[in-house]
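First subunit A sits with subunit B, and in the next complex the same chain sits with subunit C.
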Partner chain A sequence: MRPQTGWLSLVSACGALLLLCGVTPAPAQQAQVGNVIGHAAAGKPLYTRYCAGCHGDDGDARGENAQWIDPKPRDFTLAVFKCRSTPTGTLPTDQDLFDAMTRGFVTTNMPAWLPLTPHNRVDLVAYIKTFSPKWKTGKPGTPITIPPEPAATIASVLHGRQLFQKMECWKCHGPAGHGDGPSAKTLTDNKDDPIRPYDFSSGSRFMCGVTNRDLYRIFMTGLDGTPMPSFADDIKPADAWDLVHFLRTLQPLDTPEAAIWKAWLASHAGELKPIGPEGSGQ
Partner chain B sequence: MARGFLRGAGSVQGSWLVSGVVTCGCLVVALAISGGGSRAYTAYSLAVHKTEAIPAFARKYGLRCSVCHTVWPELSAFGQKFKDNGYQLGNDRDSPIWQNNAYWPIAMRTTPQLHLESTTHQVTDAAPAGKTVSQTGFDLSGVDFLLLGTLYKNITFGLVPTLDADGTTGLEAAFVRFDNLGSSPWANLKVGKFELDNLLSEKRITWLSANGGFLYAYHYLPVGSTNNFGFGDNQIGAEFSGHSLNSYTRYSVSLLSTDDGQPGLPGGKSLDAMFTLSQAWALGGGLGPQRLGVFGYLGHRPTAMETVGGNPIPGTGSANKSFLRLGATAQLWLGNLELIPLVSHASDDAALGPGTDKPTWNSALLEAHYVATPQLLVQGRYELLRMSKQGDPAIPKTQGNADAIALGFRAYPFMFSRAGMAIHGEFAMTKTIGTVPLSGDGSGVDPVTPGTSVWSRSVMLGFDFAF
Partner chain C sequence: MRRQYIWIVGAVGLVGSALGARGAPPAMAGAISGKVTYTGTPPKMKPIDMAKEPSCAKQHATPVTTENVVTGPGNALGYVVVYISAGDAGSSAPSEAVRYDQKGCQYIPHVAVMQVSQPLEIYNDDQTSHNIHPLAKANPEWNKSQPIGAPPIHTTWEKPEFIPVKCNVHPWMHGWFLVLTTSHYAVTGEDGGFSVKGLPPGKYTLTAWQEQFGTQTQDVTISGTETKTVDFVFKARAY
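This part shows the complex of A and B:
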């Protein structure tokens, strides 16, 4: 935080020299969310104030608190982000980063930064994008298209259950969605840190949102940096919505899907085959 | 980690050096201004405990002080939301069951210091007509033991025992709060002893000296008043409050016992009532949103008590007489410059003071903070109070008028999530008409001649730390 007058002088001299040589400096990193334009320079002090304790001064997830945090903070130098609207393997949009920052990540130490003004948050997005060269060489992916959600029916829930079995979701999330599948204990993230699959029975909000659209987006984009893959190439949009409807029945929440499921189970429970290695999910 | 540590250490050394130079300079100037060579005697501080900087929360959630505080102890917008949510992040890990067994929600704060107090027109044995007296030396503030946290998800507690430097103990706060009733942030209930929901918090102000560490708007009472109310004092009662998800809209209503926070029901049986309402807007690119707020307090004090053997029976007060406090305040951000204006109007029933009229007075202040970095604050404040009507017409109208100015800085050599320390430098000066300044706290005396301007000055250099 102290003035680095020597460095400042050197940098200023270099800048002046470049200008004299007719070299135009690269534009400062910016971010745009709606009509708000954020600037990395303005985001830097905000990052120091709010973020560096965990994510580190250099964005490398080596802040002084990182060692005590589980799960570990995001390493911005890798430019790999869980919550995106863009296809797997692509950079997120500014809006994605803004939304993640605003929403926070439940069951982690990343709070919802909603009290910060939108301007502050967009400035932070701009600064976060300075940590990886990927933001200079690449562009964010094109957000996936999410078709309108069809009405939940018992048929869609049952089909979603079949997909849960067929796509082997249960291997990580467990047959009942408790996050206790046979692979759960072996999972690691892209930094080889252990990671737990989402436990639907906790009833907590999803890592990347709360709505059915958010859930649809999660398994169509995947959570990059985690074992949760994208299923965009494996299932059709209509199937994805069916899976959404089934997953909602695994949560202890009063959702329309849960009501449909309970009503059907009251008279058909015996017809179900268990989900798991021997089950068909039907 | 080593790289980060070394960088931090370098920063610490640099901050210490800069802070030391600035501090010494300010101290020399302030001592010169305040006439530091005067002989010893004292006017001493109003006992305002500054309690609310709580590293226990930073440890629990692994966040730096600067997340919840613009500079501690002042709350940032995020810190306000955190407090409004019952000291919870809302990440489904707020209940203590998620904490390591070794975690204990306690923090402590105190301030070793060198300070000088000087007050004019003080009567002494050797100078019955009055003289300027002063006292200077190394000293200690009290210690605040800050125990606050969650008993369970959405059940918050607070317990703040205090130990004054002279050994006196106290209970600054003790409450339980039920958060997010009905899963709504608009409904929260707090019961016990707590700070009123003041937008400009006196518990979190960044001033510590005898003359700067309180607000006239919160503590002034007219000459001869029997009222004991202080806005800045923690009160006992129940508060129902609510806020929007980002805490930009906030309200609170409280019912409070008529004892100014003293336990044991020493006063009457009626209840005081208070309300606050504020709204913030995300305008501009400053460090926080722009907030406007209003507040009001309708209180009562008994004028008669049941007695036994001539001694009053606690809690039996009757013949209540009312008093009223109304005000408006704001928190405005221009980049890193924060402006906090406050205006208030006050009146007491005539029966709570001398004379037959209802005394009324007004106050206004403007506090400015320049938050250069999360580790350096430069600040100033000017406050004035004017009597508009005395209870006793025989009392000069200007009696009790006050002007107070304060300048200071706080430098934080380090900023992380385990502890905090501020090098605190402050110069504060008040002028009161015909009365000893509130900073006298009973030690000073009114001037011999009514209408005399009494000047009181404080110079303070302290090491304010919490862990």
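This part shows the complex of A and C:
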């Protein structure tokens, strides 16, 4: 019994010392998604079980599996996130992190965490936010405003195609969206690791969702930490929907935009100038 | 006595406003000047192939090279930032903006120095799109596209940090934003020379930073209006 008593008194002494020094535990980090409140303390054991293998115990992307993974797991200590509703350079909302975890990341090792309950996932969001002091000093950005989507027309698709040329999307994504533009092979992320641009011809879902609205958000907010910049300062909202409509025609999918495009191409293909280096566009 | 004091303050204020936003210079100010050189063999700067971007390639009669180690005659080192890292009382950021250009698919200047909260204006002078991607860690990391003819990007940095800048479209483009708390700094030219002026009497730590060779510091005491000479010698590594 003696050793135990000694241990107990040591613990209480430490407690008294903490009180004396005025050290109080920081309020538990929380996250909120809808009506669900998540707590970092509840997220921690979940993180250790499901996430630490890749993202590391300290959230620094140095888990034991990380060395075998390409692209590398997210480093939560940087607080830089690809899929956000908020402007480039700002913190994402809790909903953004929750959605990313729920969706997983296509073409990476990050699966969709649907087996975890929504409450589990909100707890995990709260815990992920403990890895960087930026969550204490800063707030999430204000989500960008996305106006309602107008109906796709051949005019919007053609204008979107002009923007694809003018904004030089093709430099990385390639003239036909195959991810094979002249800069594609040289791209690196914020840790200098090679990274590939999205290949529209793969027909896969996008990095941050599947809908037209997700696509709009991707190029307007940019994917922070990657070479994909934000175009929010350069593309007006109405023009952005035109670009969305054109980008849909690059996918081998039966989308409404693709149907409009194919019908038009059947009789007008000869009028199109190829997309690519100067002098060849429009 | 009191009236005299007010008069002096007023005079200093006038001089200060005449000099713009830099703030009132101290009544007695010294300076530190010197030269930054290297020993050993510096790495050879590589020529940049801009064939993939003809609109930029044609702006350069002779191929431009990388700029991570810029040297001049007499083993001089350029683009070394020399600044007061300790001992400065600090000053508010000037309101005039630091200009950073993307021209000929190069960053001009290669190293831009600014104070915390000082306006920074980034221009695209090229006939091609750039994306400006400052790889900040203490400050927010953002990445913005700047197409042909786009207006300048206005921004500020709120924390001191040395931020590498890159353009993902043109992978050879590489530069720096040096965000300092002090207004007392200088960037060496190709002659390696620098002069840090307007220093009130006091004890200072002077730091010289070169992007590849790291930092060096020296302690300097300034009394009166003297100009102290301080030289830095970096040991060059070929790789």
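Following the convention adopted for this analysis, the second predicted complex is superposed on the first by the 253 of 282 C-alpha atoms of A that agree within 3 Å, B and C clash if a C-alpha of one lies under 4 Å from a C-alpha of the other, contacts with A are read in each partner's own complex, and residues count from 1 in each chain.
By definition in this document, a residue touches a chain if its C-beta (ideal position, glycine included) is under 8 Å from a C-beta of that chain, and two chains touch if they have at least 3 such contacts.
The structure presented is a predicted model; accordingly, all values stated were derived computationally and were not measured.
Per the definitions stated earlier, placing subunit B and subunit C onto a shared subunit A by superposition produces no clash, and the two fit side by side.
Judged by the touch definition given at the top, the superposed model places A:Pro182 against subunit C, while subunit B stays out of reach. When both complexes are overlaid on chain A, the residue A:Asp254 reaches neither subunit B nor subunit C.
After the chain A superposition, the centres of subunit B and subunit C are separated by 140° when viewed from the C-alpha centre of subunit A, nearest 10. In the superposition on chain A, contact of A:Thr90 is made with subunit C only, not with subunit B.
In the superposition on chain A, A:Ser230 makes contact with subunit C only, while subunit B stays out of contact range.
Residue contacts after overlaying the shared chain place A:Pro111 against subunit B, while subunit C stays out of touching range. Of all Cα pairs linking subunit B with subunit C in the superposition, the shortest spans 22 Å.
No residue of subunit A lies in contact with both subunit B in one complex and subunit C in the other. Subunit A makes touch with subunit C in their complex at residues 78, 80, 87-90, 138, 166-168, 171-172, 182-183, 186-188, 190, 222, 224-234, 277-278.
Partner subunit A is touched in their complex by these residues of subunit C: 52, 54-55, 127-129, 131-133, 135, 137, 140-148, 150, 153, 168-171. Those residues of subunit A that touch subunit B in the shared complex are 1-2, 42, 45, 48-50, 52-54, 56-57, 62-65, 67-69, 104-120, 123, 202, 204.
Contacts from subunit B toward subunit A in the complex involve residues 1, 4, 7-8, 10-11, 14-15, 18, 61-64, 66-67, 76-78, 80-81, 89-93, 245-248, 282-289, 373-376, 416-417.
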